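The letters A, B, C and D name the chains in turn, as written, and every chain counts its residues from 1.
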Amino acid sequence: MSAATARATNTDFVLAVEGLTVSFEGFKAVDDLSFYVDEKEIRVIIGPNGAGKTTVLDLICGRTKATEGSVKFRNKELTTLNEHEIVRAGVGRKFQTPSIYEDLTVFENLELCYPRGRNVFGALFFKRDQKVINKVRETAEMVNLLDQIEDSADLLSHGKKQWLEIGMLLIQDPALLMLDEPVAGMSVTERQQTAELLRRITADRSVIVIEHDMQFVAEIADHVTVMHQGKILAEGTAEKVKQDPKVIEVYLGH
Amino acid sequence: MFSDYSATELGSIFAMQGFAGLILFAVFLLMALGLAIIFGQMGVINMAHGEFMILGAYITYLTSNVFADYFPALFGGYFFVAMVLAFLAAAALGALVEWTVIRRLYHRPLDTLLATWGLSLLMQQSYRSIFGAREVGVEVPDWMAGSFQVTDFVELPVNGLFVMCIAVAVTLAVYLLMFRSSWGSRVRAVVQNRPMAGAVGINTAKMDRMTFALGCGIAGIAGSAFTMIGSTGPSAGQDYIVDTFLVVVFGGAASILGTVASAFSISQAQSTMEFFLGGSMAKVLTLLTVVIILMFRPQGLFTLKVRK
Amino acid sequence: MTMHKQLTTGGATERWGLGKLKLLAASMVLAASANAATPPTSEVNTTGLAVTDDTVNVGILHSVTGTMALSEEGSVQAEILAIEQINEMGGVLGRQIEYIQEDGASDWPTFADRSSKLLRRDNVAAVFGCWTSASRKAVLPIFEQYNGMLYYPTFYEGLEESPNVIYTGQEATQQILAGLNWIAEEKDAETFYLLGSDYIWPRTSNKIARKHIEDVLGLEVVGEDYFPLGHTQFNSSINRIRLKKPDVVFASVVGGSNVAFYKQLESAGIDLVDGDMSLLTISVTEDEILGIGGRNIEGAYAAMKYFQSLDNPNNESFVKAFKERWGEDSVIGDVTQAAYLGPWLWKAAVEKAGSFDVDKVREASPGIELETAPEGYVRIHENHHLWSKTRVGEAQRDGQYKVVFETQELMEPDPFPEGYQ
Amino acid sequence: MSNFSLSNLMTRQDVLGFVVLALILLVVLPLSLDVMRLNQVGKYLSFAFVTVGLVLCWGYGGILSLGQGVFYGLGGYALAMFLKLEASSPENTSIQSTPGIPDFMDWNQITELPWLWEPFHSFGFSLLAILLVPTVLAYLIGFAMFKRRVSGVYFAIITQAISSILTILIIGQQGYTGGVNGITDLQTLMGWSIRTDYASYVFYFVGVALLFVCLFIAQFITKSKLGRILVAMRGQEDRVRFSGYDVANFKIFVFCVGAAFAAVGGAMFTLQEKFMSPSFVGIVPSIEMVIFCAVGGRLSILGAVYGALLVNVFRTVLGESFPELWLFAMGLLFVGVVLAFPDGLAGVYQKYAAPTVDRFLDKAPLFRRWPSSTSHSEPIKAS
């Protein structure tokens, strides 16, 4: 057992990542990483391409299995769980490119993520009752898609697909929300609307965001973690990391 | 099962079966190489692979007849001509198939399976209409008949050795072509990132066609080589298809080395078990083992572990 | 493929009352030309078979497509030849035979499907067909349910005796026992190795062979080996044979496997011509040698009832007619000849019964003789199999067999042999 | 369960489709065909059980199984074993060395009924076995593969290998299975002859009834949330995991359903063909069934029935008159369907005929008020 795993103890944090390491054919994409996320904190991870940001999210949500280290969500070890178990524990994940069900309508997309009837027979005999309908409509309204609730999801614009995906996470009501570049490829208006949306939905949960847009980062972040070559380069408020000479060198100093 | 044999006998048995397994290994390898390129590199599930092999076999048959009738003096060497012709014919047909059918299906891999199955039916019935339903025999040149006596028990048939040589030569050629030539790196570039390869000026459509044709051409060579040890009939191709796919999948689809290793292990396992358990049970056990291993290691024996 | 199908009477004309007129006209013509050879249809056909005043329909049911097509092609040719010859001689009971050919497509359920079509839709008077045991087993319930008559040409495992089948090939004991006796004596053989494709016929044949070798001849079986149908890698078995060094290999390998087996045997240095080991096959006819190549099998012995090279006048004219009809390159194997017997045996039975009715034909069948059979004389046994001689042939480089032995007497067919089960 | 009313389960097009199919199978065909042809149609319909299952597995679930013949065969064999034991009473088999066991066992020097066969003396057990043996096997295969995330092409190839294994086993173990000949010479079912025309009629209608049971189950599945999860999985498997579903379980479920359907089809085939042989277990029939499904439309359960029916009728018609052309036609059909009509006959119908039919239904009094889609047009309103 490595020192990293030994360090992992129970904490008050929502998320405690300790000694997390993953290597692909000897290449360490994430190298002995530790960080902690507080209740209701908005944490932004930045870093140059290939720094390992997306891999960190993959490791937390179980998409990639860690080589070493621990990820604890409310003191529950996640590295041994499957994706769906992690989701059910209360972790939601949005992908970099919008990942929605294009063959289904907006309503069905949201309904599918409603946390009920998640096993085979539950799904088979799932009943679309008023409670579900109300919740779906409520969520659709929150992500500005109520007008298009009957439309097939593949007809949505790129930005609206991003919102739909956010909506699909919200309806799961996760305690920890992880967003991978939520405003990438959006128009300026959409970007503002998204920032506003994020502020609303992050009010009562912890959030990890990966983002490049520093203006956007400054707008939303409580804490910023800067990653470089699989390790943490700096950590602190947006203002503080902006001043950090190491950060300027590898990331901002171009 | 070993108790029926003495220790020296057992030694000989394993040696003999080892050699028998090597011939089987050569057969598997030749069958699988073409498919490893088509399936492994392009992701096309070519169910007509066996029929391309049979095309090679029929070309060999025709060539041997032509030589016997018109150039009897050169008969001993007809096989080399036949192999080249088999390659060219199968490759040409492959290119045609790619152009008419396969290129429309690159984004639907499972559908290539159905379309090529249809193709295999067409090819089978064409063979039957052209060459008749009967199996045709190919006259083996004299120098290829007979065998070398190694020990009392161990005897190496010349045609088996010859098939092994072809297998080794084709494997080397494929390896050099795919991994040591600029053509090969372009093929791999297309496989890994089609739009990017197109953007840097590679004619991806042409590369696809040539890659597919190459795979089919190798199948043609394999079929040609098999006439030395087996039979040629219109539907013989179907017998190869399960084995061929298993060898490729077991080896790890994208790896030539994997294909070699998997052909080797499957053939040796089958050959050794065959001696003690008989053909049917050996086949069942080999297939079962491969399936079980694949359940635990779906990516096959050899593969690069990459970030998803 | 040829469809010699013709409209049967009835249909629309009947509905409008025209049928009666036609019938009247027909019977008048009949009355005028009536003679002994052409008895009226109402007499010779009381069960609604497709028999008219001048034609009778029969079925030919073999695989024209699929893996079995190569084996069954010769049977189709022989049956057509026999039908044509019979028609030339004036047909059966004054009626020309018209055949409806169906394709079993090498698929047993298709055989069943097509046989029910032949019997129920086409109402054929007899069916010549099937090749593999599996296809015969598949059609058997249909022939029994709808009371059809099947002439089955292939040498087979026995263990069957259906009232609705005439077996024109040999059953296993007829083929095997004489061959084993001969080779044991001729080659002073003491040890045997049994080898076959993995299905009922080789297994039953080897069972009979083993009993005969061990219990009757008092010799030894040193190995027994089966491979899946379509198997093409025989190096393991050949190695085992080399290890056991039997005097005789007794082989019942079928289909495409044959080609690979003999090629690999030859290249493994097992010399059938001058070597110490002999090989006796019961599955390789001249048809198969076409694919195997004469040189690969030269020196092997086959035990069967017919070889193309049989020297008798019947066979001479048969071979000549066959080659005239189907080309100089044709070869004729045991099954092809047995298939040729089918229409002739049926004709003889119909004429003896004076009727096409299946029940009457069945009743008339036992005891029917054929003096003109290419294999010599045959006679139908009570058990619906044929009395026939068994021969041993030695395979020659040119793809023919040289007959080296022939039983004195006709062998009695014994589909359920006592002591061999 | 109020929301499982018929109007939620079926659109009016679906209702029309079911009614038309029922009319064709229960009225038109029995009235227009003689018993021999009807029996043939019955056999083709036994493949429809498989293709309906394939619509669920492949069309909806994205799981292409090239081993459906395994389940079809097991279902058929389970029933054939029962019928064979009934046909092998000591009186019927008195000429054997061991009377009372199936004839092929006797030929293979087996002198005692193998333990595996013993329970098939019971009709109840045999019926259970028809359903359970294939389903349990499907569960095991599905569990082993889907939990390890074997999917797509690899799953197809492995199932193909499994069907190849089972074929070799059945042929190789002929003392226990009847080998390449299969289990033949079946006579009676509970003392009642299955070889009469009357029996053919009965089996035909029983087959159609069971097919409709399967169709209703399939319809229910596709219209449930489970159906939507399958559709979602096909495109975005990962996303479904991150919506909190254990993807493997859903795949195992539809694979098992498909296997159970196939098994029922196999059993119906045994009854109508009166024998069962390994030629249905191998890879060729398994792929053919996928083709039937593709021709009918991989996304339409009704299309799958027509696919199985039409391809086989086509095969019989061509095969009876031009056997050499049959393989050419079949080959061209496959290539053509894949290239030009990936959604099969059902796709063609959807594109060209459905709008017209819909307009017509708007006017038809019976259908006017039936919803034209099952998705939430009315229940979606907020309260």
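Convention: a residue touches a chain if its C-beta (ideal position, glycine included) is under 8 Å from a C-beta of that chain, and two chains touch if they have at least 3 such contacts.
Owing to the predicted nature of the structure, the values given are computational and were not obtained by experimental measurement.
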| item | value |
| --- | --- |
| Chain of greatest Cα-centre distance to chain D | A |
| Centrality ranking, top chain (CA atoms only) | D |
| Distance between chain centroids, defined by C-alpha means - chain B, chain D (Å) | 34 |
| Distance between chain centroids, defined by C-alpha means - chain A, chain D (Å) | 43 |
| Inter-centroid spacing, chain B versus chain A (mean Cα positions, whole Å) | 47 |
| Interface hub residues of chain A, defined as touching at least two other chains | 63 |
| Chain B, residues touching no fewer than two other chains | 125, 128, 280, 283 |
| Per-residue overlap in chain D, given as positions that touch at least 2 other chains | 168, 171-172, 324, 327 |
| In the complex, chain D residues that touch chain B | 64, 66, 144-145, 148-150, 152-154, 156-158, 160-162, 164-165, 168-169, 171-172, 283-284, 287, 290-291, 294, 324, 327-328, 330-339, 342 |
| List of chain B residues in touch with chain C within their complex | 9, 12-13, 16-17, 19-20, 23-24, 27, 125, 128, 132-140, 144-147, 149, 153, 155, 157-160, 228-236, 239, 271, 274-275, 278-280, 282-283 |
| In the complex with chain D, residue positions of chain C that touch it | 1, 3, 64-65, 102-103, 105, 107-110, 112-114, 116-117, 120-121, 132-134, 137-138, 140-141, 144-145, 157, 159, 198-200, 203-204, 207, 226, 228-229, 416, 421 |
| Interfacial residue positions of chain A with respect to chain D in the complex | 61, 63, 82-84, 87-88, 92-93, 95, 99-105, 107-108, 111-113, 115, 117-120, 123-130, 133-134, 137, 149-150, 168, 172 |
| Residues of chain D that touch chain C when the two form their complex | 34, 36, 39-40, 43, 95, 97, 103-104, 106-109, 168, 171-172, 174, 179-182, 184-186, 195-196, 273-275, 277, 279-280, 316, 319-324, 326-327 |
